[in-house]
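Heads up, the thing below is written out as structure tokens.
We just call them A, B, C and D in the order they show up, numbering each chain from 1.
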């Protein structure tokens, strides 16, 4: 039933795309924490619509904090932030009530909620709900930063155009800063230009394109996460799939690692500067569900935006007749660039939750 | 902290590979259910060691039910099943206490638990813990069968040798039966022979090889799962990663779908026999986290078994010196065939949990 | 960490008494439910300040629904209601920052949250948080009403003045209606007059007085609740103690029953109109944690309001010196009358949660 | 559905009175903890049947640890302890299948589980399930002892015979030791003799008698517990009601405090030895759900054992006819003495869970 996540820190996402507001409840924040608001807003701006390659819908996404702060600091009460919905054109969606858009949740939400779901703009299923996810993630990222942990990501591919991957052994905070400061969030600027051309091509055709995001968390101590059902892979996957359009996740060498011999995929242990490390990092920083102290690296698959202007086949749920539809409105031809901070936010929440868990047992 | 999963049905896995017993607690089973014990044992036998291609370790894996049954039927109390550990040769592992095996949880568990972890045979991190997972899965599979839902899987690839994939639109229970009755669990027998040759090659070299498993659930009603953090992808991923060695999961067109145009990846809706269906199934039966009524299809990446006889580099945690080690004992050169029922079990638990959730709101 | 309750329906209370807003998130409401808003407001009005015997603080307590409704009906998204704080005079509380009020959470919250807690008006610990509790309860009460279940309460005592108790065997909805329509919520009007006189006496002395509330739920099917840790007593107690000032709860014959012989306290079974019932109801409608179908009856102890004008001894946390303080502001000399709907709301949430649980297993 | 409790430490009770075994799973124990087994057994012996005043059923209650220990210390895996059932005479219960015993869960469990419940000896509802509760409590008590926290209890009354209460301000570990070493667990030996006479009287009549238990936890730091739904009262009540026969709980001055003026019930703050304390302790060590550092004191109501030899009225569920029954077998005329360690165990689990919660936020 729930749009909640976490055991030690708990986030609950709420709101519908064209309802009065969207927002998030965060329970379990440490008291006395003063979030760096400009940094929070910079982080959320990376997700916001309005970039050259993104949808034209404009939303200031200015959060209002109605609970949990006192004199600018967390005070123990659940933190609740609202983001009011503005500039919503519900009329754009009037047609989809009975003619579900392919690739969207219109049909499945209608079945689940006996046709009482708010279909306007995707309702509670909208990508817009990632704004409060990012807000919660920004809190966690700043709390992690105080522990020396940083999380960053880049576009690993758009369509079939790949970027250079992170160096899984040596990736560090400088890499993340470089990507954030880049025109386009990639390691290899030349590949970035090709990606942008591909996105433009999709837009000009009324089509869309997907991609892959690679995310890394560095500075993690060894020992976070739990065996079996609460491993770091379980925890991260359980929240990353909250981001609409994510259809796959792999850690370390992932699917490609399946084609290797064990002798190739195993990472030899070594000592380095007095610490146990591994020479390669096919395990993606996680062994047995628990962090090894090496960079935690994973990739997620982002499907092509389902909202496209090209004509598509659907059905009229009332008449039982086939229909053709074309999704108008203002849509991104590629949501991958805007999804980067969402993936980082999801990872930050999962990691911070595991970190709090571990603190219970530290002396 | 927890080795538990589920909100409506809840499983808790316990035990260490070389401790007195492993087992599972299942809370939330409906009362009056008489499990088909021979079917349960056939299911667990698919996971059991001892096949021609598998480890030589022999375990009857006969469960003892100490709670939850009365006159052979579930009675409302938590169901608890024990599987006693036998034929364990802890001496095989004596060396790894201070020299962690590459690719294993020896090191991370040691750090997490301040060196108090039971390292023998991997302890609580052992693949042996998938026996009680399968046991819990067998209960859910039988309960799902009563609702017309079936779950099956095949080896999608070993190393670089692929099998023919499921037909994502038309896959059905007959496909599953055929695979279960086959000599080797694949759709294409010829490819199966190549896979077996590859596994034999790995064994003869003291090496190992990984692979990919494709799993499908059919007969699902539309409307299962929840938005955001409790979508079917989240739920399935959150338990599938409990299986040791799984490093990736993708639903529907997954990572390959990222390279398609939106117009290619979207699945057109149509009516068929009075029901809404999709012509293709790139969405893998899940839209917005909720089942569409089409087959739910996902693939998981299984890494090459880390236990290999080839010499590997590690470190001596006591002396700080580099060491070489070779993992003796009896190990599978490829755990993919034995992982099939584990993946089906994980999927069954996730699906049954979602099904119970939905029943709360049915009239 | 959490201000949340429930497994099938989940409520999360947020806000601080003098912050921007208080409110509640309700997850798990069935879709398509149109709350009767006037009935909801009548229910909340019973809790609202402003009665002749209550505090002079005026708050319209008009909820704003920012999530979860579409065209006036629940739509599957979490329901979020805000109640803006108005008419708050924080200056009234300025003194208590370093001189904790006896009987209040000023001191304990300060310790817990390292002095970052919002002490104004009790912050998140304020009785004002019972407004969103009542709001959530109103939803559950209306949902229960559709199942033939009603919940009501009366003042069982103020100070040492008792009311006539409910007839635990025959109490029904008509009793509840009579109490709601009465000038003062008691069964025996004459006793009510004495109670009011006692409250007036407390007010005139700058003092306060406590009391006991008796609550009953009728129309419950047998079979709700679970053994051991999830019995109806556990579930109800776990939420009733959320109401500030509640210091005790007893079910059925409760503490008085301890002085009876088993032969007196046991309730004989009988058949009545084809149903199994009990002749007496010392068990308060719960046996083994599970409802018996008899009225569920419990009583809660409400301590005297700690905010009193009489001078009291406290300490100055900064100087370490003893101080005397007198709590000014506008406070109820007795919160018992306003606590009635809070107790009903808590019971309704617990019962509705148990009812949803049971629906999972109904055919 | 669940027989589980706790968020940071999690216990799950399982088993049926006359099934193969009862037991408990404990998740979240710190690694490396070596339980003092003789102390654990002494604690459990206080609950065990066989005392002069107790049932004649003999059970060694020797726990078998099948998971969670390695070389005698906790190793990170869930701890699982089994207690085999022996000396069970199921035939004693054959009659109650269709003629539910008054005051027992026979009827409600039958309804809940569609008559598939294990009615033998109360099944999962049996008081016998408090043996694994005590086992879990013993672990928590020993862990709390390392933090300077002690928990003890005495019989506050049997029938109408009261004991001298704890001094709520000064109660300490020495009081607990004295009670444990006493012939009968009371503060006032003379009152204890009267209680024993009353119990003997009940036995000789084939009847039973109830009582009240007072429990205190001392050495607690201020700041444990959470506001609203997770206060210490909520947490303790939520597990204490798991003990069969408990029908009420009150903290501090509880129900009696309702008859006091606010000026009497409020506890003045003072400094003592540099620490903030209160001169009286009507608040029972909890303000706003959070510990104040004063002794945490509560009382629970234990109903008279429902199993009595006196003839009682019931119904034949098959024929619909009234019947008379007399509960044979071996039953305690008063379970209060044996319930003391159960209440301490429940309190210990709740307090330890809150303590772990707080550790997440300590620097």
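Here is the rule we go by: a contact is a pair of C-beta atoms (placed from the backbone, for glycine too) under 8 Å apart; a residue touches a chain by one contact, two chains touch by 3 or more.
Predicted, not measured: the structure shown is a model, and the values here were computed from it.
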{"item": "Pair sharing more residue contacts (C-beta pairs) when C-D is set against A-C", "value": "C-D"}
{"item": "From chain D, the most remote chain by mean C-alpha position", "value": "A"}
{"item": "Whole-Å gap between the CA centroids of chain B and chain C", "value": "46"}
{"item": "Chain A and chain C: spacing of chain centres that average the CA atoms, whole Å", "value": "40"}
{"item": "Separation of mean Cα positions, chain D and chain C [Å, integer]", "value": "26"}
{"item": "Residue numbers of chain D (touch at least two other chains)", "value": "1-4, 7-8, 13, 28, 31, 76-77, 109, 112, 124, 227, 357, 360"}
{"item": "Of chain C, residues touching chain A in the complex", "value": "1-4, 8-10, 12-16, 19-23, 25, 27-28, 31-32, 64-70, 73-78, 80, 82, 109, 112-114, 116-118, 120, 123-124"}
{"item": "Touching residues on chain A, where the partner in the complex is chain B", "value": "1-5, 7, 13, 100, 102-105, 107-109, 111-112, 122, 124-125, 129, 157, 159-160, 202, 205, 207-212, 222-231, 233-235, 237-239, 241-242, 244, 246-255, 257-271, 276, 278-279, 282-284, 286-293, 301-308, 310, 312-315, 317, 320, 322, 357-358, 360"}
{"item": "Residues on chain C engaged by chain B in the complex (per definition of touch)", "value": "7-8, 28, 30-31, 76-77, 227, 356-357, 359-362"}
